[in-house]
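Each of the next two complexes has chain A plus one other chain: chain B in the first, chain C in the second.
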Partner chain A sequence: MSARFNLTLCLALACVSAASGQRLHPQVRLLDAQGQPVVQTGAPIDTLKTCDGCHDAAYIQAHHFHSQAGQGEPTHPGARPWDLSPGLFGRWDPLTYRRLSPKDDPRVDLTPEAWTRQGTRHVGGGPAVGAQLDCFLCHVNDPDHEARLRALSAGQGAWAATATLSGARPAFIIPSDDPARPWRYDPAAFEPDGHLKRGALNLQTPSDKNCGLCHGAVAGLQDEITLSTGIEHWETETTGQIFSAQRIKRSQINIEEKTQLGRPWDVHSERMLSCTSCHHAANHPSAFAERSETRPDHLKHDARILTMSQYLHRPNHNFTKGDSAQGTIEESLDHSMRRCEGCHDANAVHDWLPYKSRHMQALLCETCHIPKLYAPARQQTDWTLIDTQAQPLVAYRGLEGDGEDRAALVTGFHPVILPRDGEATAPKKLAPHNLITSWFWIERSGATHTPARLVDLKAAFLIGDRHHPDLIKALDTDGDGALKGAELRLDTADKVAAARARLIAVGVSDPQISGEIQPYSLHHGVAAGRFVLKSCEACHDESSHLTRPFELSSYVPFGATARLVGDTNVSLNGEIVGEAGRLVFKPDTREAGHYILGHNSTPYADLLGLLSLLGVLLGVTGHGGLRFLAARRQRSK
Partner chain B sequence: MTTRKLFLYSAQERFWHWVQAALIFGLLFTGAVIRYPSALSFFNFEISIYVHNVLAFLLFAHALLALFYFFTSGQIKQYKIERSGLVNGLVKQVIYYSYGIFKGAVHPFHPSEEKRLNLLQRMSYLFLLNVLLPLQVISGVLIFFAAELSAWITPIGGLPVLLEVHAGAAWIFFTFIIMHMYLTTTGDTVMQHVMTMVVGYEVIEEKHQHKKEEA
Partner chain C sequence: MKVSIIFPALVPASLVVIGVLMAGEPPPREAQKDDPRAALPQRSEHVDHRQFFNAEDFADVRDDVKQIAHRLTQKCLDCHPDAAESVMATSHWHWRGEAMSVPGKEEKVRVGKANLINNFCISVQSNWPRCTSCHIGYGWEDANFNFEDEKNIDCLVCHESTGTYVKPSGDSGYPEEPKKPEGDHPNYKVDYMLNFAKSVNFPSRDNCGTCHFAGGGGDAVKHGDLNGFMYNPSENIDIHMGRHNLNCVDCHRTENHEIKGRSMGVSFDPKNLVRCTDCHSEQPHQQDRLNAHTHTVACQTCHIPTFAKGAATKMWWDWSEAGMTQEAAMKKFGLTDPHDYNPIKGVFKYASDVEPEYYWYNGHANRHITGDKIDDPTKLLSINYPLGDVRDPNARIFPFKVHRGKQPYDTYYKHLLVPKTYGEDGFWGMTEVQKHDIQTRWHISFKNGAAEHGLKYRGSETDQHTFGWLETEMFWPQTHMVASADEALQCNDCHTENGQAGRLDWKALGYEGDPARQGGRLQMNLIDQYEGWTREEWRR
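For the complex of A and B:
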């Protein structure tokens, strides 16, 4: 009776709320750091003070890996020597390039303050200096991410969360000309006691769009999906994944043979799943399931789950996660998420597939269910020279033309299949990935190796908005007095020497070009039905999908080599070869411990078999011939 | 000159032989498609897998039934190799096939209803049915249940080893069949032995037979 009553009440509240265009969350008082309503003080919003009345904000900020960003976590074995943590705060990334410097670094690149100003992909709090955990970034339906980034960039971290709320419509946070108070509050949106009026702020559980602000392109059914390259669309940039229920053929991207692509960008999105369906709070009552590592063997299900009020007071913000190649942060949470098998019974639907168990043992579901990506992904980043905007040379796979050109033809790309560690099975399961190769200068001082700082690259290679004359002299092949396009490649010894001399001239110690390959595993952009890889011959053939050569870099800086980044969960089984100036990875499934019927075979059995067959054929032919001759001779006698 | 029929193979044995031959040919062909799908792309890989598995289980069942038949009918004695006269018999056969056959000599072995297989045949079949066939069956079953039996097959090298052993044994089967087919042509006429396996008997010319015995 009580449960039925509660359910009815919840439904009624939901209906009333939906009808009035409001969420279930009660209206809040926006408070400043002193706990006073901001509408009265005009001070920036303090998220901890504002939310703390109902939620344990201090707890949320303290344990939250999105906020802590790896601070205090040790690096993994194989990490770069200059990495300070496995997270955004300390793990160098060649795509963003800037490096967080340790306290005693004599050649500082990024201080924590400068790191905070960069802002991108960090929710505040944790190691951020002067920028609180920004609850609004994930919990309002119309955050202004750009305004937040501008505030951070301007060193106004205290105003970052306030800036985020400036996206609310109708607007109640309005830009101001006062540099000390860049935002002001519209009193008309507030009740006399400081509470926001109904409808002013839609607080909610995070939507896909909230996640997409930092994680990549997501789109609702009515949103326009356009070609968008750049690290602000992180997952899309690194993997080509777009999380949307829209049919690919309906997008605004110029995709090759688009009319054939009647599938959604991601089937899970089409089936109404959102990011939080899988990446939910670890203690969410409706999704909680104790991990097998900690669950007593005799217990199938622990019924002692939190009540909703307990959960809402202290929602665990360490969201469940898988074990991606690129995700090195908070390893303790790896595999806490339900993977495909957690929801789907593959055995119930793969009747056409022979040797089901064997295939499931050898492959992650994604290998067949993400056969191709239809947005371009980063292939290479070359920081050995920068353009006049101080940007690296970037190339994409699956794209013909310029990433900035919305009409550029997107051909899409087939991911490379790599064996992934961390599975209990042997051999390791094969999974689809993108590989991004980065070229950059390493500064060497004694035993210390660090990437050359961006400030030094600028000083060495640029004078104002032009390249340094020494570089122009060495690299300007068309003689137009400027360097652009392929001229910015250090593909000969002379060009490398010229760039190296410039770096030494600005104080970079013993610069050497280094190359790194970063794997990005693919788990979104999932297809179903006829868009799935189903043909046996796709893998069980000489030209197997599993060993398709994968271009790592369209050119190689002279004398440079590239190695797989050390702290990842995949290995490059196969060989990296130079082909016509390109760098290509040729996977070898045998080396990875997989024997693919119809693709792999050792020559020994066939060689011995052929030799014995040849011997027998020669024997019977010779013997038969002699018999024939003997019979003729006898007949003639 | 009179003739008589020497009955060598019962209907059950002939049926066993030809069914086994068909199954082995089918297995060799589909096995080749599975191993070399690019070279034999005119035949469907997926269908080949199914057909190969079905044929393999049919061959296994067929072999079990044959074993039952040979034991219960007493015909298993046809495959028995006696130690006495082993070397002498082998030498005679080697001399016959390497020399006498070209001179029109009479085969040193004369089949009878009680003893229809010569020494080389018995040794070949013994190897084929007791070594090669079980090797194929065991490796095939382990490959078929590779996922379920991974704990068993991993210590012996896993699928890479099993599949190469299976392929190697298939090559030996293929080689044997070529040799076997050639040797069927070494009767009095090219088709004599094949016809015997079709109709079950050889037609013996009594006079000729006497001559052979005198020789």
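For the complex of A and C:
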């Protein structure tokens, strides 16, 4: 009842705020774990206590896959044997490498505490140890993400949300020298009852920039977009996608033929959509659309939806999502978001397209509308050796030069087109993807296979900030006493043996190199107009966009093979071949059940065509010849 | 025999196969295209005029460039007898247009550059020799210029094609005297002028630009969207002239010397306006959403995201601070660029790549006419301003350069004053030689200017403190320096999130808020129809 009263009060205040031009959310009292105003106690902010006055914090926590991170969910069929969950917490990722250890694991790699300390791409709560769900990370317009990560890294998880709020300007949360209380509150920003003064804190619906903190590069029209590689820009790193309305030609990235790129990075961003336009709360009343599986055929829209106050009390933080190749978490929400067809009537604007329905049966919209990515994406990650900073060897596609060099030339890349699982009865549609190949050591102990621990890699390959002498001896081809560049490749049997010996020496059991290919679906970076793949020749000739060879790895560790991860929704329709030391995927659309006119050839059809042509020619010639002979015969009579 | 059986069977078989392949879906429909190039005027090759001019015809006037110029005009008119009449009917000739209605005035007024006040150099009257170097005539040096004498027409300024014809400042529109060559060349002045005459052609960018790119007395000063970069612009400066190589007269089409186009500074109705739709279709975008904007937003609003590309334009001119030495002024105002102060003119502010200001504009404008009363000199006076508002179905949101500054007015009669600036008894002439104190200089210039203008002026030798300074603004619609689709404004430039400031101030424009989210003019019942579209039709 109290919560309902508070919510009503909030809504009333919101109306006043809106009418006066202020942001919608009323000012709040920041409370500590005891429910006391932090400005009075000096304790860290307790987000649940603070927000629970109006919003049902327990409900939100329980309906929040960003927070739960896959905890408690079963892994998908085909998942790696060492995966503990399908989400960020428990699913091993070769890009970050650290593997969460089961409770009884004698060789601990990563504990939940250590996982929490890493902080990256997790909003707190759920499996995080000592770090609450950080509402501010997504709901203030100026969160200090770096401060939050520092707090987590320092083991000060209780202060993480407080650190996030330190980005508010003018600042009312100020760093302190007291290690027990690393932040203090400026009383001038608070009313006597503990409420923040108007304008001190702008709480809002998540903006693209909030999402971008974990998900990748986003930018406003006037923001500077620079080349930024690294897993802190996750989606951009894995897919080359940048969500921005800004025209590509205006970015600060050195992109090949940039002046021709008058298109925005993403047309939806240009047309004023934000992340939450599609990935909204599952029960958002204005966006809610019942899924076709349960909606009666006669009903276009069910008006029995939540009221705004009901929604604000219990906003379901399980955001609507699609069904990407890499997104294995919360399968029950797959396809819950509107796809292209949910907003667009493609039929109305594709009259120019011959065999329209056939194209739309065979292709996802993205196949034509994301023809090329203009930021580099990761191509391969090689953990078979590490550099002196204990980092893997990484290569990018669509980039000439070093990813750390802002002046490096970005050539962009054409995605690989893969068949994606559809409905059980529907054919597989072709969709654009990036493929990231990872090479790593597997430790085998009986039937148990797990990736070698990072701590073991460091112990085996490094001594301080130098490589182990045994490795240098085996790999230092230029004799300078250090390993760098192409020297850090296990491309011969001797090199593999040297590295393997080092791992065995530090206790890794029966190490063997394994390769894994993770597909990443592309759904952002959408183009419109002349930048869309439109010409028939693009797909229907010999060098079809659909079957363009796709480099998986610029080199292959000796004797290693790579295979597709098992818990994805796409398949590799073609063959993986070694070519001049590289690993290349050569798609074949026929394997996906698609015969591409003008590109594929079938002998009997070719023969029939040839015979038809010859038949016509001979028929005409024969007929003409007979007429000629008949005419001569007539004359001779 | 076998062959004769197989082949007749194969022919229909192949036809069946082809038929099967072709069946199923209709052929794609041809998209409707915007084809502006088809609307461009087609011109035949211009006649070579070299044969029509002989030096012997100018023997009696060979030592006088002015007389040669007049004679040349007569030669032109020998073959183009109707040209004089048509030229002399234009506002380019009179610097006044047809009589026009101005809000608040019962009678129509016949005004123009010749008799209006602006907030740059203020007025032509009393300063003719300087200003009329941009007139299409010869010899307009005072109020007695003979507009009926066809010899006074300067054909060359619009038609010569050497690009070297100069009408120097202060010579009342006469051409520059050539330098005397070494040796004996008695006909050098005739040869000099005939060189221009023999080159005549259709007007080029050079002909128009020599005056219009330098409006306000220098490159880029006045218009904002016109400057010397437009002689040979890149497509980033202007897509029409840069990428598509259009000339001024491709859009400013001309019939009987009546050149299409209006300047809101001197013309207040939309008659004879150049419109984008002269070449482009009404719905030129491939995106319906963009086409839906064309009822409310002028093409220029999105396609001229900035003006003063390449060269800075004047945004502020404060006459009240004129008369100081350059050094003193730079120090007083903390200026670093010497262009920001001129002792004879005052303080300036320049800017390049300027984002326009946006206002409703229905093609009509209000205009302060010389001698109009100033209601409140403490308030900003709009010398002109666009008409239209959110409830006007004919109005569109339009981009403007707004030039602001301070200029003199008579504190007793409460009207703007016209200083005589040019000449020895003008403010500039007196300041250059520091003749009199600053107060007296202004007094003399106002007295002389008022006399030429027929304006009342309260000041006298004993009381020179009857003038003051008030802030004024002038609106200049931006129509050149057009950007391609790739450079035009994007949705987020105006339609922002979370109440952030965008290009357009929706509330100032009369909306409740961003129409993308709150609905446009029809949905919000602000208007009943868009140019023939009723609300019901629009909703359908």
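Operating definition for what follows: the second predicted complex is superposed on the first by the 576 of 637 C-alpha atoms of A that agree within 3 Å, B and C clash if a C-alpha of one lies under 4 Å from a C-alpha of the other, contacts with A are read in each partner's own complex, and residues count from 1 in each chain.
In the analysis below, a residue touches a chain if its C-beta (ideal position, glycine included) is under 8 Å from a C-beta of that chain, and two chains touch if they have at least 3 such contacts.
Quick caveat: nothing in here was measured; it's all calculated off a predicted structure.
Trainee: So, A:247: does it touch chain B (first), chain C (second), both, or neither?
Mentor: After superposition on chain A, A:247 lies in contact with chain C alone.
Trainee: Which holds for A:595: it touches chain B only (first), chain C only (second), both, or neither?
Mentor: first
Trainee: Just chain B (first), just chain C (second), both, or neither: which does A:361 touch?
Mentor: first
Trainee: Taking the superposition as given, does A:220 touch the first partner, chain B, the second, chain C, both, or neither?
Mentor: second
Trainee: For A:406 in the superposed arrangement: first (chain B), second (chain C), both or neither?
Mentor: neither
Trainee: First (chain B), second (chain C), both or neither: which does A:627 touch?
Mentor: first
Trainee: Taking the superposition on A as described, I'd like to know which of chain B and chain C A:612 touches: first, second, both or neither.
Mentor: both
Trainee: Identify the residues of chain A that lie in both the chain B contact region and the chain C contact region.
Mentor: Touching chain B in the first complex and chain C in the second, residues 354-355, 357-358, 608-609, 612-613, 616, 619 of chain A appear in both lists.
Trainee: Going by the contact rule at the top, pick out the chain A residues touching chain B in the complex.
Mentor: Against chain B, the touching part of chain A is residues 354-355, 357-358, 360-361, 426-427, 536-537, 540-543, 590, 593, 595, 597-598, 600-602, 604-606, 608-610, 612-613, 616-617, 619-620, 623-624, 626-627, 630, 634.
Trainee: Where on chain B is chain A touching in the complex?
Mentor: 34-38, 41, 45-46, 49-50, 53, 97, 101-104, 146-148, 150, 154, 158-160, 163-165, 167-168, 170-172, 174-175, 178-179, 182, 185-186
Trainee: What residues of chain A sit close enough to touch chain C in their complex?
Mentor: So the residues of chain A in touch with chain C come to 21, 23, 141, 204, 207, 220-221, 245, 247, 249, 262-264, 269-272, 274, 351-358, 528-529, 608-609, 611-616, 618-619, 622.
Trainee: Please give the residue numbers of chain C that touch chain A in the complex, ascending.
Mentor: Its residues touching chain A are 3-4, 6-8, 10-11, 13-14, 17, 24-25, 27-29, 31, 286-287, 289, 484-487, 490-493, 495, 497-499, 516.
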